[in-house]
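Look at the two complexes coming up: chain A is in both, with chain B in one and chain C in the other.
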Partner chain A sequence: MNDTAVLRQPFVLRFATVGFIVFWTILAAFPLLWITLMSFKLPIDAFASDPLRVIFGFTTLRERGGLSVTALVLGAFALWLAYHGAEHHGRRFARYLALGGREWLGWLLAALVYVIALILGLFWILPAIVRVVEAILSHIPVLDYLARPMMGLTMQNYRAVWIGYRFYDNFINSMIVTTGTVVISLTVGTLAGYGLARTRSNVAFWLLIAALIFRALPHSVLVTGYLPVFIHSREFLAPLWNWHATAWFFHLFSDQPPTLYGQPLAVIMVLVSINQPFTIWMLRSFFMNIPAELDEAARVDGCSHLGAFRRVIMPVMWPGVITTGLFSFLLAYNDYLVCSLLLDAQSQTMVPAITSFFNRETTTTDQVQAVAAAVSITAPLFLLVIVFQKQIVSGLTQGAVKG
Partner chain B sequence: MKPRIFLFFVGPSLFLMTLFIAVPLVSVFVQSFFVTHQVFHEVTTKSCSPGFMKQTCTESTRTEPVLGPDGVPKTETHFVGLGSYRSLLKPAAVKAAFSAAGNGIGDLLNIDFYRALRFTLTFTLVTLPLVIGFGMLTALALNNVTQAVRGPLIFTFLLPFIITPIIGALAMRWLFVGNGIMADALNGLLSQHFAILAHGWSLELLMLFFRVWYVAPFAFVIFYAGLQTVDRDVMESAIVDGASRVERLRYVIIPHLAPLITFVALIHLMDAYRVFEEIIGFSSQAHRISLQWLTYDLLVPDSSGNRAISRASASSMLTLIGIVILLIPLLRRAWREHLGRG
Partner chain C sequence: MAEVQLRNVTKHWGGFTAVDDLSLTIADHEFLVLLGPSGCGKTTTMRMIAGLSDVSGGEIRIDGRKVNALEPKDRDVAMVFQNYGLYPNLNVYENIRFPLKVRKIDASTHRERVLKAAELVELQDLLERRPRELSGGQRQRVALARAIVREPNVFLMDEPLSNLDAKLRVSTRAQIKNLQHELSVTTVYVTHDQIEAMTLADRVVVMNRGVVQQIGTPMEIYDRPSNTFVAGFIGSPAMNLIEGSLAGGVFKAGDMRVSGLPDDGRDGDVVLGFRAEDAFVADGEEPAELEAAIYSVELQGDATMVTMRVGGELCSIKAAKSFEARIGDPLRVRIPSGICHRFDKKTGARL
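Up next, the complex of A and B:
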């Protein structure tokens, strides 16, 4: 469109737009930013009523040391670099690592390399650079002020949470549950999504409607159904272990029927199923975008349905699969209700485990530790949004635009 | 695609959904009419101690769980009909509340179920227009700034929606907790001490605010994507015809986004009706509870380690009624479209 007088925005409108955007940005980021700041401070600074004390942590600085302006500037630059690198070169890097055209492998390797590089960079390389720069600056008369610590920072809350309270156990449990959920959900979901996208039968319609209803179910309703069975699963499953036709098969796994309560594998299956309605809707709409002529051509050339699916459709489906996988990941990672009711204390994931921190919240030390645990849970999600922002946006809009 | 091949593709998913969604649903329905509890019997023991002239004997009666042959406490299940529903809905108490001596609505809201229902419905209906409104505002505002800053802004706007809801609620709570930064700012503003987390109404407002903060990014992303597909020709002809900015918004943009608004509204209704994480995050159970939290609370073992499965099932079934009402319009639309296509 031409830049005519009609299109030029009145000053009031531009001012209101910018004002609203600034307001909303602060609103969206402030709570998270603030608890991140709090988590690095001693309790007395974290819950101070003077905001400057929370930001600069005067007591923390005096007792535990802190960061200088140089360190902050270099740190901010490193973070910008990490964000920029992921946003602009992530895709190319993933393509580069996609050995043998397997794009999922590329993404997985790229994510792995990125996380390792980030950890190495932030905890080893960056501190080394900062130390060198600070050492140089401290010999220059006026600039030495930049090398002096001015913002208090302590890792003691994180140390207490991760080492003292063995939060890494919960982290490992979370990883087991989320990885399992994503892998199984995608395997089962892509098959179903493809089947549903390539059929015109009435059954498919009813299946999709049923999935829609299932998606709306509160999870507590389903857990009410699982709990009695999971707790007494030994009795419920006994016939499978005793009946001679199936016994040999189940005895391969264990001598006795397992108690499903507290089993990560059982929770994985539950989360996969709860997530299935959403997964098949989303993957179906991705498959609908791939022209049916493509698999027809493959079928004419002598591929079976499964062969066409594997050789022709899957290679062009990776964006859709990655997007759906992200949402499966978020569901499993963020889940509180299912994990807290079906897992016991030993196999608990991170999100339910945090309740033990804030229920204990009697002193401010406990509170700051709970804050540190909360920030620890958020950090991986933060990375996820940085790397996969485009996929998340496309995934969210996919369902809406299609119907 | 032949039915056999279709079944091969859809089979695993269908199996999982049947086993883990459909079957539990039926079993919850059945469970809600039965109560299972341990079998106890009274054991009378007579203990005597030697005494002068006569033994002193005391008889004591205790109730003990009956043990089965394998040493596990025996349980029995019996049919209670609508008993579990009655213990949740408390019809007698409702009648008393609305009788001459009763306190009407005030008394009704003292019963957990109605308290939860009231909060859930208020929560769902109040947040709906706010989420759509703020989502639309942010989308329009972002659509109005230069391309270069949009990427980082989308990233920031999206954050509340991606992080774990409970963590978001906790972050909000730590700002408003007794010595949190916002609580202090608020006290300074009011020049008196006001504990926002200790009053039911202020806590409820905070929970509504949190939900809008958390879901508005979802509405924003959908609307923003919709704005990118507004037909330029229509827009240009509107400009040529002299439509003002407001008129263009009213007659071109909003109608274009109408299906997306319906979509966001439906998803939001479904999700807000399931409100649960806020109750945990803000620890609001003393003041405000929701329907899903009610079921959750019945499932958590009580002090003697028992779970009220039967009442939880009844509460689940009652929650489902609301979902069905919400879904009816959606299903009717889908059915009509299906008929139109076929």
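Up next, the complex of A and C:
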């Protein structure tokens, strides 16, 4: 890539670097790959001492069938195609669908079409193509090996976890908690961060201190403080429901003050309070990178102050917002302590719920199911990083785009 | 098209006064330049006209209407910023079109107007580029096009040329002058470069520390500076300012003696000012006002600048380019009384 003589590394150094990176990647990714393989096997294969059995799942293959080399190759190709298509043609497609110049509408429609096409393609068209190719190959000598199932695969663990143990309830709860946390953090964070970036006050300094304190405190300390308030929230909130000036408003939502304990709202409140100073502070530094001339130009050109924020500053801010949003998302999504202490069993999120799999009698079946649940939790993270990779990289490296 | 009036406009930042009691009427179609050293309050003045900073006192009227409380968008001014303030996520076409879009001007006219503005600043071929793919001069022209596309009441330009190299600055300067002439829109232009001020302005406002020093045409400011600050700021080199004493129409300072000045009773300590190009080297034995050793000689191509020491100060004289002398040589210089300006030593005001 770079041909300047100064930057050319000696062969040994480059070999060592590449070698180290590969080694480290394998080391780090191995557990993930391994449990992914395990989760698709019958317990007897999954916990076999012979690694080949874990990979190819001979028993699973015999009893539940599996995938041929053809299917694996075509499947990988289809995934690559889906990624490549979104990466290289997504923008143009969205522009094409932007009816009447409304770009957000274009993106929405494009995303909708993409998801539908993906589902149709992966579950309907791809299997059909695989079947046809396999049928053709199986009539050719030697090549018919490619058409024969060779890697055992079963969905039974996932089916048990998601349907049998109603993991989708936990998934929905996780989504409620993370969405709530991310939306509140980002809304407050962008507005406050923008305001702070454009004043000369030293509130930002105190915010940084607060961010450090809230991030440094063990979460259990905060939760202990909140717990009594949430348990007795009915009494605490009663004045709002009784005082005539505010009563009409709160009665719109419910006739009585709610008990917050056990509700996602409580978790969202705690997570937001842990995270908010940090979010504001991080967004503020992104806003600081955007020259004030930009808002001023927009205001002279005919925007109101808020209009300038919306039409000029936000479009430049996306990498920062997405990077910050990712941090909030990870905090909420991966949170164990707050959720397990403040939520009851039926509104539990995924991460605490997974422990209940290990707490059962722990037969090998239970353990494989716990593994499948663990893999299910990581999948959305991968999806998120793949979708937003560009913004995340530019958000983490260069701050925001410079004028 | 509009007249802009500033009446006793003042701006404080805490205890610091950035602009002090500024009164000024900018006529319709006029090209007015605010000139002054760094930190003298030029940008602050312009931002108050644009509505980006509040005024602490006084009032601003555009077209007779008081605008103190109006948002920038309601003042119908267009501004070119020092660092251009282009929208990085939009291409050149969309950048120029932005004011039309936010002001909800009939969309069917956009294309025509953007193309016309782009053509005026010769940007037709770059419409698809993003700002970061442009050179400084091209960005500058996008900013100009964005300002003119809307045909505003007033143009405000804050040191628009300061980021360009010397050559580009000259050509863009000419372009701005021509553009203002074509569109004949009232323009306020901020600069600390006096050549820009001289070449562009119908009238120049010289400011120092937030206070207006002189308002006048470039010629007036050059020929009749109203105080020592203006005299020392305008021209390159600036006017020679020599401290000395005046008695009965005769000025004395060190080796210098100028007679024939008006004898109007202003005797005492004064500052005498004259321009390097008005003085000349004496030939032959004719009487000279200044006789001293040469302090330094600088070749400038079209002329030679000779510096001499008078009392404590240096004083430069412009000689022909064929002039030859070495440092230390004695030199006799003519400084006719007609080229001299007298200033009060204490206040600096013109006498």
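Definition applied: the second predicted complex is superposed on the first by the 315 of 403 C-alpha atoms of A that agree within 3 Å, B and C clash if a C-alpha of one lies under 4 Å from a C-alpha of the other, contacts with A are read in each partner's own complex, and residues count from 1 in each chain.
Here is the rule we go by: a residue touches a chain if its C-beta (ideal position, glycine included) is under 8 Å from a C-beta of that chain, and two chains touch if they have at least 3 such contacts.
Quantities reported herein were computed from a predicted structural model and do not represent experimental measurements.
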- prompt: What's your read, chain B or chain C touching more residues of chain A?
  reply: B
- request: Have a look at where A:V316 lands relative to chain B and chain C in the superposition and call it first, second, both or neither.
  value: second
Task: For A:G302, decide between first (touching chain B), second (touching chain C), both and neither.
output: second
- prompt: Just chain B (first), just chain C (second), both, or neither: which does A:P291 touch?
  reply: second
Message: Under the stated touch criterion, which partner chain does A:I213 make contact with: chain B (first), chain C (second), both, or neither?
response: first
Statement: chain B and chain C footprints on chain A meet at residues 305, 401, 403
Query: In their complex, what parts of chain B are in touch with chain A?
result: 1, 3, 5-6, 8-10, 12-14, 16-17, 19-21, 23-25, 27-28, 31, 36, 134, 137-138, 141-142, 144-145, 151, 153-160, 162-168, 170-172, 174-175, 177, 179-181, 184, 213, 217-218, 221-222, 225-226, 229, 232, 235-236, 239, 245, 259-260, 263-264, 270, 273-274, 276-277, 280, 283, 291-292, 295-296, 299-300, 307, 309, 312-313, 316, 319-320, 323, 326-327, 330-331, 334, 338, 342
Message: For a test of understanding, state which residues of chain A touch chain B in their complex under the given definition.
response: 1, 6-7, 9, 13-14, 17-18, 20-21, 24-25, 27-29, 31-32, 34-35, 38, 47, 49, 51, 54, 87, 187-189, 191-192, 194-196, 198-199, 201-205, 207, 209-229, 269-270, 272-274, 276-277, 280, 305-306, 309, 330, 333-334, 336-337, 341, 351, 354-355, 358, 364, 367, 370-371, 374, 377-378, 381-382, 384-386, 389, 392-393, 396-397, 399-401, 403
Message: Under the definition above, what is the set of chain A residues touching chain C in their complex?
response: 291, 293-294, 296-305, 307, 311-312, 315-316, 401-403
Query: Okay, in this complex, where on chain C does chain A touch?
result: 50-52, 71-73, 77-79, 81-89, 98-99, 102-103, 131-132, 146, 150, 156
